[in-house]
Amino acid sequence: MMSINPFIPYQATLKEVINLTPDIKLLNLELTVPELQNNFDYKPGQFAFLSAYGVGEAPFGFVSLAYRKSGIEFAVRRIGTVTAALHELEPGATIGLRGPFGNYFPLEDYKGKNIFIIGGGIGMAPLRPVINFILDHRAEYGNLLIINGARTPKDLVFANEFDTWAKAPRTQLELTVDKGDQNWKGREALVPAVVTELKPSPVNTIAITCGPPIMIRFTLAALKGLGFANNQIVTTLEQKMKCGMGKCARCNVGDKYVCKDGPVFTFEQISKFLEQY
Amino acid sequence: MTKVITKEDLLSWLRQLAEKYAIIAPVTSNGVTLYKSVGSSEIDKINLNFSKTELSPKNWFFPPSETLFTIVKDELPRIIPASVDREAILFGLRPCDAKGIALIDKAFLAEPADVFYQEKRDKTTLIGLACLSPCLECFCTSVGGGPADLTHLDILLTETAEGYITQATTEKGKQLLTGAPRQEKEIIPPVLPSLNLILAEGITELMPRVFNDAYWDRVADRCIHCNICAYVCPCCYCFDIRDYVSKGKIERVRSWESCQSPGFTRLAGGYDPRPTKGAHFRQRWYHKLLYFPPIFGDIKCTGCGRCVRSCPVNIDIREIITDVQRMKV
Amino acid sequence: MIEEIRNKAKELLETKTVDCVIGYEPATDNLTSRPVFIYEPSQVNRLIFDETCVHNLSKYLINRRYKPTGIVAKPCDTRGINLLLNEKQLRRENLFIIGVVCSGIRKVRFNQIENSMPTKCQYCSQHTPVIYDFLVGEPVTEAPTHNYSDITEIENMSPAQRKAFWSEHFDRCIRCYGCRQVCAGCYCYECFGDELDPLWVGIRIAPGENWVWNTVRAFHLSARCIACGECEHICPVNIPLMLVNRKLEKDTLHLFDFEPGIDTEIVPPFATYKKEDKLGTGE
Amino acid sequence: MAVSHEPRIVGFLCNWCSYAGADLAGTSRITYPANIRIIRVPCSGRVDPLFVVKSFQLGADGVLIAGCHPGDCHYTEGNYHTRRRFALLRPFLDYLGIDQERFRLEWVSASEGKKFSEVVADFTETLKRIGPREI
Amino acid sequence: MARVGVFVCHCGTNIAGVVNIPEVLEAAEKMPMVVSATDNKYSCSEPGQASIREAIIENNLNRVIVAACSPRMHEITFRRALASAGLNPYLLEMANIREQCSWVHSDNKEIATNKAIEIIKMAVAKVIRHEPLYPRQVGITKRALVIGGGITGIQTALDIANAGYGVVLVEREPSIGGRMAQLDKTFPTLDCSACILTPKMVDLSQHPKIKLMTYAEVKKVTGFIGNFEVEILHKAKKVDHLKCIGCGICWQKCPEKVPSEFDLGLGKRTAIYIPFAQAVPPKPVIDLSHCRYTKYLTWVATGQEGKKPPECRICEKLCPTAAIAWDQEEQLFTEKFGTIVVATGYQTYDYSHYKEYGSRDFADVITGLQLERLMSASGPTGGEVTRLSDGSHPKTVAFVCCVGSRDQQRGRPYCSKVCCMYTAKQAIMLKEHDPEVQCYIFYIDVRAGGKDFEEFYLRAIDEAGVIYIKGRPSKIYQDGKKLIVLGEDTLMGRPVEIPVDLVVLATGMEPSAGADELARNLNISYDTYNFMVEAHPKLRPVETHTDGIFVAGACVGPRDIPECVAQGSAAAAKVAALFSQDTLTTEPLIAVVNQARCIGCLLCVTICPFKAVDYQTTQDGRLIAATNESLCKGCGLCIAACRPKAIDLRGFTNQQILDEVAGLWL
């Protein structure tokens, strides 16, 4: 799947740009080489580097599912020079895509289990393909509980899919914001508090969480309070990355390279790192 | 009987080789000895009596900065990958430096291989010079190397009064040596120097125990995060990738980076998982002594002593290893 | 001399006047010295002072700007302290300066003490610290002299020779930024060399970019470089950076009659102007 | 130089005097060599030495900073600071291999269209004489 | 993403006659982010602007290049065009291909075309980095501060107040009136100075919109146009002016007599005093340096050494309203103003540097202003001109012009403008007082440029028989009762030696003491003589480079009374015009600080010519710079000085200028 020289990106065309929130855009790409278009595989949890030529490249998790063949999607939050450049692009622009890199959520292993998804802000992005995969294979999984949190209602990503998610069988979607606005009638609570409030049973359940470091830390505590074991909690780590192949050593944590051995880790693995996460 | 090449013959052989190969050899100018590309007319500039170059020969395979590819923006961006055109001979490297290259090999040639590195690596023959007068800060023998260790070389030359003893260890080396004007001579091999030993053994097992010790913060107090240790190290290979735009041409460039540089792990939003000076500093030693070994089988140090020599504030890996050994009790 | 430093350091730590004394201790080659941070009165015997104490410790004060700190400082280092005070990076009340009279140190490298002095001492006439709370040694009153023969030599080259001279040096630069990291005057949170927007210095380690880096690094230190020589001392590829810095020092002295770090009361030249200033050469 | 060399001058002109002076050269139809590319800045004091260094790095043969005459600065004292920076930067760049003839500071008032044209002509002539820069 | 539209103007044949427009358009289309490139016969014409508007809407442009004339010509025009198309006006960049290309390279069309293309290329590189900018509105405190209570300040205050706005007038002396109050008659009409001035002083003191603060000084000024905060020091008068009825018993009975400043030492005043009879306010202050009670208190406080001085307190005992307030201390008040008018006037040159004229050693060598006091009916001699040495009436008087004027050697090269006329006036007046008097006037040139001035000068010669001698006297010395004036009549080319009874030196004007300090406080410029510098000597004579601060009268340079009055009125008109608005619009092209990058060296604070950069302390104790949007004029001086590039100039950002340079090599 990898191009012969892993430093060289595939060329992709920007097909569509959707504003998810005021600072997050969903980019839908199509590879320009025809033979790859139907043949490009990647899994939930994996990531790729997107190049804004002339500015640089940065890693982003895939937010689409390869088998749906509806384009390769990434959620890009405007935060640095590369993301700012990507935000400037309009459909038709050429973007470099290098990947897929990293490991993925072992969704095959989770079959038959209840899945508890906890996402905060842009952290929801890599979890979206997980949700959609489960919904596509609904019968093979147990209950699905989703907590999607953000700072304000405007910052909730994938709002247009909330209906689909909420209406799926044995699926519960809980939205929460730190601070609502005049139209917001839902929860105003921090994500870890919602975890504690909902009290999902740890029995036969896998919790998958992604979000800002501070949210992860407290969510972890909340989950442990509910009786989740470290190996029942899965997250994807965010680290500065440059190569994606475990060479440049930026993402080195313990004997792991987040780009190669991760980004998906169980808390059992993470707790073995010497450095605090 | 040993096959020997005299100094004159060696130089004329190199001169001859320079017609076909790029020769990279130690050259001293302005009091600084560096591996530089020398043409056939410049062979005399090669310094055969240097002790240790300021920068390691890793520069040849992994230069301070290199273009990975160029983007031509006409209609659609086209990518032109960089490549090297000539075979090369890296001449005059010390066994420790050869080991440094071998250590980088482990990381860069692991799947998926770094093609830019691999290409240069494949096209280069390593000719070493045994180290008969090591520097005071050298400690290669403590980390599994030796002044005449030919493990990671294609050819090793050992200087004697009669000329250089030639030993080829690889096919590539043997092939190359066939063209060398050598004589069979009865030679007593020189006595190899003995180096100060430090106790590096078992360090990997000790490192986890002292991870949270205030020791790292205290040593980091005097570290100025200058990157010099990483840049002179023959086996440090952290890098950065960025785009370089000049006069309408876009290049994707890889350049050296060091885990000691201030923004090394800071994410675009400002979050830094390694926020303190001590944590920053510690990473270097843990990567060398703890994280690297289980993946690649060896601690990431050749004992060349360059970082010891060049560190402006005397952060001395020998001392750190010794201190960690002492801290176990 | 060493005893005086140790006793004062001990007193400062015991009375909790400071929580740390930054000084020198022997390096691992048992020949030269290195910086040390002493936090405990019991540790003061590690402190030494001799002709190998090359480091300008004032750099370390920036990280301790809000903490009471004692520091052992040579005259050139005290100029660094003055610079930082002048630029509002330090608070005087947080500092206890143990000034050491110095008539020059030796050129050192790890495992090696040379018989000569480093560039900075060869041209230095400041033998008494310019600011201190406690002085070790007898103050020397000596009229400052200014010798720039090394600079004149390069000025007298032809433009082509000069260009070649600097190309030879700057092309060797690996942009480790060690010169910046060690410099007491370089304390920006984000150096222009690291900035991405705009990108002043491209990532390529190539002659053009190296030239920009070295030129602007030095120019940012114009009328600020206190001639401690640390950049040149630590440069891993031996770029004679003092030849760059001292050119600016020379011109600053001639044009504006200003020497950085000597007197915090004098407004530095780029913070003011005179109506009768000259264009330098020409006008 | 056998081949005629067309030097490229990057000119930083203050909006109030020199840029207006350059405009006046136009209004007065005074021709001068087309080698200068003008960048309008509010004040010559806006010109960061980095712009000069970057201009030379990119390949400028000459850099001109032009501002109001001393005492006439629209912002009262900007050009005095410019003069100090220039006084130090010019010999410094010369020392580092940029011939000082390649870097000029000129005072051109809004009424000195003629002077502006002469400055450009003279600078261009000088740059032609010293030939192209090797970069 | 930036969508750039390039509009190339033909300007009739002004551009199109030299620059090959189709070639430019073709090149422009290929430039990065350019989505349309079109041409126009006259872009600035209404159809031209309309086509720009249409193109903006049609092509959804968000950046516009107009390649035409100089931005100094039409930038505002095209900004409006952008605004009318719903685009932020600051998303425009003009490429100057007329003044700086077609008009100057008409000799080579090919070169001109290439240059035009490059100019547009640079403009495109810059415009891509343009951001929408928004002007800001700030409120105005509709109250003016006038500093100085001379004729200029009085006129300014009255005019502003009559326009309906509040005024505070600050005067550091105990009374307003200034120099004009010291004069006897005014030239060339010979009006009585006090007669025309005092009614104005009374008007002022009674005007409901004017608050008068005498014996007060401006200490510190912060803020910006519309919003100044001024610290005013009220010196201790030791008299409660609310209680005082100005009956005068105190100053009549005070036993301590000291030389009067108002009378330039020629007369006496008491320790509790009003400077002159018509003073406004007509209420006294106590001069503590001479007050006996104060001396007594000092004697008590310093241990009662030496002879016990009298306790005095006569004023206190006599005051019918118990207005003497010994406990009154100096007080600092902060007041808010929208504008400030500086009218601090002048003082006369101190001729003690003129050793050849006796350096004030000869009793009968006096200055012109002293002569005014002698001639004044309310002066120390009741209007009789007598010699200080013996009280006799002088019969021969020599006037020396240009003392401290037009004298390079004494650092006073400028002409004080009024001396020629006032010496003529004084000579005429002397003759009127005493027909026996013979006057000689030593002059360099007689400058009589003004309405009726020349006639007045001729009147001095014809009617008063004044003898004009061209030349500066080289020496004055005492010979018995006479003063000998030695000089050279340069017209006749012969030495002259004239014995006279009185010598009057026409000392020149110089700014009042402390003018430089005040200027620094106000952050306005002053010249080497400490005269305030106007924004433009011709076109903005009463404005300064600091918005909202105006200057008028003799603090700017030598002026006569009508000029001072005119300037006072002019400044008042400026103030009234400003106050007629409710808010001020500030230019958005100003410096902004990126606080994350700021290292707090505060070099920017030091070098800002407008005091527009100040600093704050963050929670963690760091100092960081902060710009004041209303004070910043957008010069960019601070930006070039900032090493970490923590400060940037909107509209001329580092990135923009760098891209503009780099655009040349694209």
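In order of appearance the chains are A, B, C, D and E, and numbering begins at 1 in each one.
Going forward, contacts are C-beta pairs under 8 Å (C-beta built on N, C-alpha and C of every residue); 3 or more make two chains touch, one makes a residue touch a chain.
A quick note: this is a predicted structure, and the numbers were derived from the prediction, not measured.
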Given subunit B and subunit D, the chains that contact each of them
C, E
For subunit C and subunit E, what is the smallest step count along a path of chains that touch one another?
1
Where centres are the averaged C-alpha coordinates, which chain has the largest centre distance to subunit B?
E
Could you see whether A-E or D-E has the larger number of C-beta contact pairs?
D-E
By Cα centroid distance, the chain farthest from subunit A is E
Provide the C-alpha centroid distance between subunit A and subunit D, rounded to the nearest whole angstrom.
53
Per the C-alpha means, the centres of subunit A and subunit C lie apart by a whole-Å value of 49
Gap in Å, rounded to a whole number, between the CA centres of subunit E and subunit B
70
What whole-Å value do you get for the distance between subunit B and subunit C if each is reduced to the mean of its CA atoms?
31
On subunit C, where are the residues touching two or more other chains?
192, 197, 200, 208, 270
Quick check on subunit D: which residues sit in contact with 2+ other chains?
49-50, 54, 58-59, 77, 81, 85
Where subunit B touches two or more other chains, by residue:
240, 242, 245-247
Help me check something: in the complex, which residues belonging to subunit A touch subunit E?
88-90, 93
Under the touch definition given earlier, write down the residues of subunit D that touch subunit E in their complex.
8, 10, 15, 19-20, 22-27, 29-32, 34, 37-43, 45-51, 54-55, 58-60, 74-78, 81, 85, 117
Going by the contact rule at the top, pick out the subunit E residues touching subunit D in the complex.
70-73, 96, 98-101, 103-108, 111-112, 114-115, 118-119, 122, 525, 545, 589, 607, 609-610, 633-637, 639-641, 649, 652, 654, 657-658, 660-662, 664-665
Under the touch definition given earlier, write down the residues of subunit B that touch subunit A in their complex.
68-69, 71, 73, 76-77, 79, 81, 107-108, 110, 112, 114-116, 208, 211-212, 237-243, 245, 250, 252, 254, 257, 259, 264-269, 271, 273-274, 279, 283, 286-287, 290-291, 294-295
Going by the contact rule set out above, which residues of subunit C touch subunit D in the complex?
151, 154-155, 159, 162-163, 165-167, 192, 200, 208-209, 211-212, 214-216, 218-219, 222-223, 244, 247-248, 251-252, 255-256, 269-270, 273-275, 277-281
